[in-house]
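Here come two complexes built around chain A, the first alongside chain B, the second alongside chain C.
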Partner chain A sequence: MRPFGYAAPATVDQAVGLLEAEGSEALAGGTDLLSLLKDDVERVDRLVALRGVPGLSGLELDGGMLRVGAMTTLQELRDHDGAIAALPALAVAIDGVASPQLRAMGTVGGDLLQRPRCWYYRRGFGLLALAADGRSMVADGDNRYHAIFPEGEARFVNPSSLAPLLVALGAEAVIHGPAGERRLPVEALYRAPQAAGERENTLAPGELLVGVEANVEGSRSAVYEVRQRRALDWPLMAAAVSLAGSGPRTERARIVLGHAGPVPHVATAAGDVLSGQELTPETVAAAADATVEGARPMSGNRYKVQLARTAVRRALARAAGMEF
Partner chain B sequence: MTDDAKRSGLSRRSFLRSGAAGALSGGLAAGLLTGDAAGAAAATDAESPDTVGPGPVEIELEVNGATRRLAVEPRVTLLDGLRDRLDVTGPKRVCDRGTCGACTVLEDGRPIYACSRLMIESAGRSITTVEGLGSPDAMHDVQQAFVENDAQQCGYCTPGFVVATAALLARHPAPSEREIEAGLGGNLCRCGTYKGIRAVVEGAGGGGVSGG
Partner chain C sequence: MADYSWPEAERRALIGSRPARLDGPVKSTGFAKYPSDQNPSGLLAAKILTCPHAHARIVGIDTSAAEALPGVRVVHVIQGEGSEIQWAGDEIAAVAAVTEEVARDAVRAIQVDYEVLSHFVTEENRDGATDARAAGERAEGDPDAAFATAHRTVERTLGMPQMAHMCLEPHGQVCSWDGDELEVHASTQAVSTLAGQFATELGIPASQVRIRTEYMGGGFGSKFSPDRWGIVGAELARKAGAPVKLFLERDQEVTVAGSRPSAFARIRAAADEQGRLVAWDSDSWGSGGLPGTGQTPLPYVFSRLPNRRLRHTSVPTNLAGSRAWRAPNHPQACFLTMAVLDDLADELGLDPIDFLERNLDLTGRADTYREQLAIAGEMASWKERWQPRGRTREGAVHRGLGVSVHTWGGRGHSSNCDVTVHPDGAVEARIGSQDIGTGTRTIVAQVLAETFGLELNQVRVSLGDNVYPQSGPSGGSSTVGGVTASTRRAAQDALREVLVHVAPRLEAEPEQLVAGGGRVFVDGDSARGMSWREAAAQIGGAPISVQGRNPGPGRLISSGVGGVQIAEVEVDIETGVVQVERMIAVQDCGLIINRRLAESQVYGGLIMGVGYALYEEWIPDPVSGRLLNADMEFYKLAGLVDVGSLEVHMMTGPGYDERGVIGLGEPPVISPGAAISNAVANAIGVRVPYLPLTPDRVLDALAGRGGPA
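Moving on to the complex of A and B:
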């Protein structure tokens, strides 16, 4: 690693002040950032250590509202019986990070804001991986794990384990910055960069994700991940669903894909298919088909379209307590 | 000083400060780090913390029960600091990217990848490596069980597996098959000694091995 400075703020305000300076990066669990620094993919002048900042870790369940600090580790969240009982899908999403060491080190904020796994990005070719002649190295190259819903030249996939579920639940991200606090839907944390040097998140310099809040009551939710191996890897495809409504009919359904596009893919049309419907094998299949409508797979990842369909079907079945 | 205050890094921040500014500020640091309301209020008024490094910064941590004090650059990982500076070579440097588990150590009792933690972040905390679990003359039950079950070949992954197994058994003294797979899912063995390792852990239910 190249040399860098290190500051350990004692408050969120101090952290924000330090992060405003160019070349400063927040250090949470470090499991992603240190690898990027070792590989010289990212460079920093100073790391701002969040580990000792009081108030950034911990969680509470208040009524149906789950509030989780950004520095809460994945294992701490997994071990919170109340949170898991209220939202069993959370256990599936966290267990997908299939390494006790990563769960012990990795944080909720770090999971949400980890950098893409795209191997062109990880080899230093940038998030858009454009060759000197402007052609996409991803489209021309090995894109087996890349987006089936690319946005412009952004063909990497959002790697977060928690984001699809949080987006399906309509969770909010709480952000502190130089101008104070702002809140936004978790999906608005992300964007598809379109120019070299742009990031895949919407945080401004000095802004810090301090936590997330989700209403975990009044809906049934589920996560289904399709994996190549059970340990130590990101899924090939993930679907998260949230169903609202009492009785057999679904009033509102939210269906979100992870690992499908540069941002968590909200399949609005697929949710609409289920609106006012009972969940049956037929309606579930129709929603799964609607999820992948408009998908634009590349040369090597057509299989992910079928994985997405299957993941949605199984997540819906899981949420509804149906066999699949 | 309570154990908790000590663990949460009082000595860490004190030494960071002493390294940077040459003066201890114990009372302030204690307030900052306990996380209570008084501490948070005090912190609001505090100046922005000093940036230390990129040169060496004096830190203190506990390694296998002994207090160790050294000066490290912020960029030095816990793994490299243990191996190259403190001559604690049980944790192995294999992938160095948080993927293989050969560097697994316990930090305050929790299993972590030492390659993916900056040593400066472990200041004020307690680290246990495979050396701290037991010695050749007085092996930890898990170490003994690895020998008895022939659970190693080249041995490079073994220190990490031993530590991860001890952490698993501390959480689940009689783990189910699923708990074994989840508990050791962060470690790889390229020789393929998983059968022997599984026998080590399954021995736990029958007596023999305990998380200690």
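Moving on to the complex of A and C:
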């Protein structure tokens, strides 16, 4: 393992200061980053350990507002009865991280900012996996688990279990940086890199995700994940939906796919299909079809278009309490 | 000549019972020391540098940076400048260093310049192969005429890819030298034959090589030889003057240390109006990496099918050579055959069990299969629940039942066992064979204790060491027959010697005496006897030591078994996800020594079978030639929640026990792929032509898009 420095800041400001230096990387639960270092896929000059930083862990439910610190473990969130009662879909999303060990060590911030599972990236070919001649190894190779909504040469999928639900809820990410605090919608945390060396998130040097905030009242939400195995496995496709409105009609619907593109895929047109509509098998099917409009599957992942359609239909049905 | 036999059923105290495995407690508590747990003092860690290209020539290699790293003791070049490398993962150099971390750093510091050459890794489409080799064509009868007059014919192209053994304990060993004597703690399934192979490579006499394997973490057919990493580990230890531990990293284990050959075939099969098979024509191909692969036994089980033509093409790829995988060639042949027969039954409008029954005379064991099909059908409530394809659905979820039959040999291997009776009554056996994890230690102890009429905890078994008598490798379901026969012969002989000493004291002839319940007594007059301890004291001051052999006299073992399996599945037709709900296995294996361990073998076979039916496959990258899933993340193994309910029925008792002991390691893993594929076809109404039955393949089949070209 290549040598690296290790810093244990005592405050968020210290952490931010340390992270400003090039080659510094925040260490949360370490369930992924340490493997990436051991496998020599990523290299760092210094790890900035967040575990001892006060104020990054914990959660509160204040009215309908759920505030979760980035260092809160997935299991702590799962064990919070109030949060799960207010937002049952959270349980589905967390349980999707299908190992007790990962839930016990992994953090909310780590889940949101974990690196892609793309097997070309993990074998050292880079996030974009471009061959020497500039061709996409993903497009020419085996892309069964890759994006159906690629953006440029970014063909990996965002692996976060929580992001689709948080994006559907309109949650905000709270970020501390050299210039102080800023907030942005969770979907704005992500970007599709287009050149070698670019990252898949929008955090600037020195910026640290400190928590997320979501209004968990006033909408009905659901998550549906298609997974091949019941045992430890990544979903092949995930859909999160959030339906706002009182009475039978939906005033506003947000539909988001995970494992579909390099960023959580917000299906705006599909949400619009349901706007002002009652949920019926027909409107649900129309929304599912609209979700995959514009999908551009590759040689080996056409089936994921069908999975996306199914996941959206089932998430909507689940949110609406319908049979599917 | 003594009479070697198994005790009559009513006289068996331990054989056929269900004792727990003797080493269960030390294994489950972690006290059992596996080869990879050996940490002798002064131990160095070794790692191997592998080639990242599927086909390349080494233009230059520079190890100076690695040698200069603090903590590095030896850098050893395995394949130097000018070598042509034929698969990604092939070994280039190795390093021994003070820690694993330093060894890994040193491996990374070795500079190798490659001239990258073109590669081929996707044999599913054999047209792309540069080196496909015709590997045999043969015909019997008149297939063309038979097809021309047949009532129904089906034609299918089917296949299953290469997959990994994925041993939980990777391949490797700890090597220690004492002068020019080598001791190897190896994770091997061939303790008694390994020394000679090490010795030849290292230039020392085999008598100076000690091999020890007290426990080992899985082999499945992939651990019969020292392998290059074994020889390299010994060389590193010799050069370093210190013990060296070299176990493969997980990605290396998956990539180079064991795979099962792929099998593809375009098959035509035909039946007459009575549902009798009349013709077969198969054009098969497959790969076991660089060596290609031979023909699987088609048509499987129904080998007396008249009018058949077989062609086979061996397709070499730039992947590491395959190894024997539990029941070599059988799971592939079984899937290819049973899927086609199941489709033919559907074409004929017949219940597949009925169809198989109409053709059992084309198999070698019609009576066994008939009985087993009846039992399995009963267990599955087949008659009440089976429906023609695509009829059983609840919303998106379709249910289906599928059946398959299989066969295996399983004759006991060559084995020698020393049994010693001490004057204090202690009884021990020494035998070279290793316990691969199936319970060999326990069954040897059972045979020993049974023969001397003792409890299991009153006998001692030492195994897995080449200083013990030569006894065969754990392969081909041959161990149970070999070790129980040699142990029984030795134990019977040793007991007879004891009885000769005891007889005068009881005023009886030795032939009148029996051992049982911790005593030796006159058969039929148990009052005339003495305790085992007292009996043993009669032998005098020196222990009695006897060697038993297999093969040998007496009918202790035989071979040839049949089995039937039924799978029940649920298929979500909107996601293509297959869930196995239930597996039923009916298995014949002669005399069962340990009912619990025998059933455990079958459970293990079913679990492994669900794995290759639904999840497991090598995924080589057409672009880089490397395996994309050389890990335990995307190389998917079945978890316990994925295998459904497993129900095992062992054919045992009168009619089976007389056959003696027959091996069981391979048979139960043969049918699951076929049975599960047939159940999926029954559920969704179409054949998914390809294993594993992943969602993409299931959805493709439902959409009418085929599998392999």
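The rule is simple: the second predicted complex is superposed on the first by the 324 of 324 C-alpha atoms of A that agree within 3 Å, B and C clash if a C-alpha of one lies under 4 Å from a C-alpha of the other, contacts with A are read in each partner's own complex, and residues count from 1 in each chain.
Here, a contact is a pair of C-beta atoms (placed from the backbone, for glycine too) under 8 Å apart; a residue touches a chain by one contact, two chains touch by 3 or more.
As the structure is a computational prediction, the values presented were derived from the model and not from experiment.
Of the two partner chains, chain B is the only one touched by A:D13; chain C is not.
Looking at the shared chain after the overlay, A:A285 reaches neither chain B nor chain C.
Using the contact criterion defined above for the overlaid structures, shared-chain residue A:L236 touches chain C, although it does not reach chain B. Once chain A of one complex is fitted onto chain A of the other, the partner contacts of A:Y303 are limited to chain C, with no touch recorded for chain B. Looking at the shared chain after the overlay, A:R144 reaches chain C, while chain B stays out of its contact range. In the superposition on chain A, contact of A:M1 is made with both chain B and chain C.
Shared-chain residue A:R123: touches chain C; no touch with chain B.
Of the two partner chains, chain B is the only one touched by A:D95; chain C is not. According to the touch criterion, the shared surface of chain A, contacted by chain B in one complex and chain C in the other, consists of residues 1-2, 230-232.
Those residues of chain B that touch chain A in the shared complex are 8-9, 12-13, 16, 32-36, 39-40, 43-44, 46, 48-54, 57, 73-75, 77, 96-99, 101, 104, 110-113, 115-118, 120-121, 164, 167-168, 181-186, 188.
Those residues of chain A lying in contact with chain B across their complex are 1-11, 13-14, 17-18, 27, 29-31, 34-35, 37-38, 46-47, 49, 51-52, 54-55, 75, 95, 98-102, 104-105, 230-232. Per the touch definition, chain A reaches chain C in the complex via residues 1-2, 40, 117, 119-120, 122-123, 125, 131, 137, 140-142, 144-145, 226-234, 236, 300-303, 306-307, 310, 313, 323-324.
Listed in rising order, the residues of chain C touching chain A in the complex are 101, 104-105, 108, 395-396, 574-577, 579, 614-615, 619, 621-624, 626, 628-629, 631, 633-634, 636, 638-642, 694-696, 699-700.
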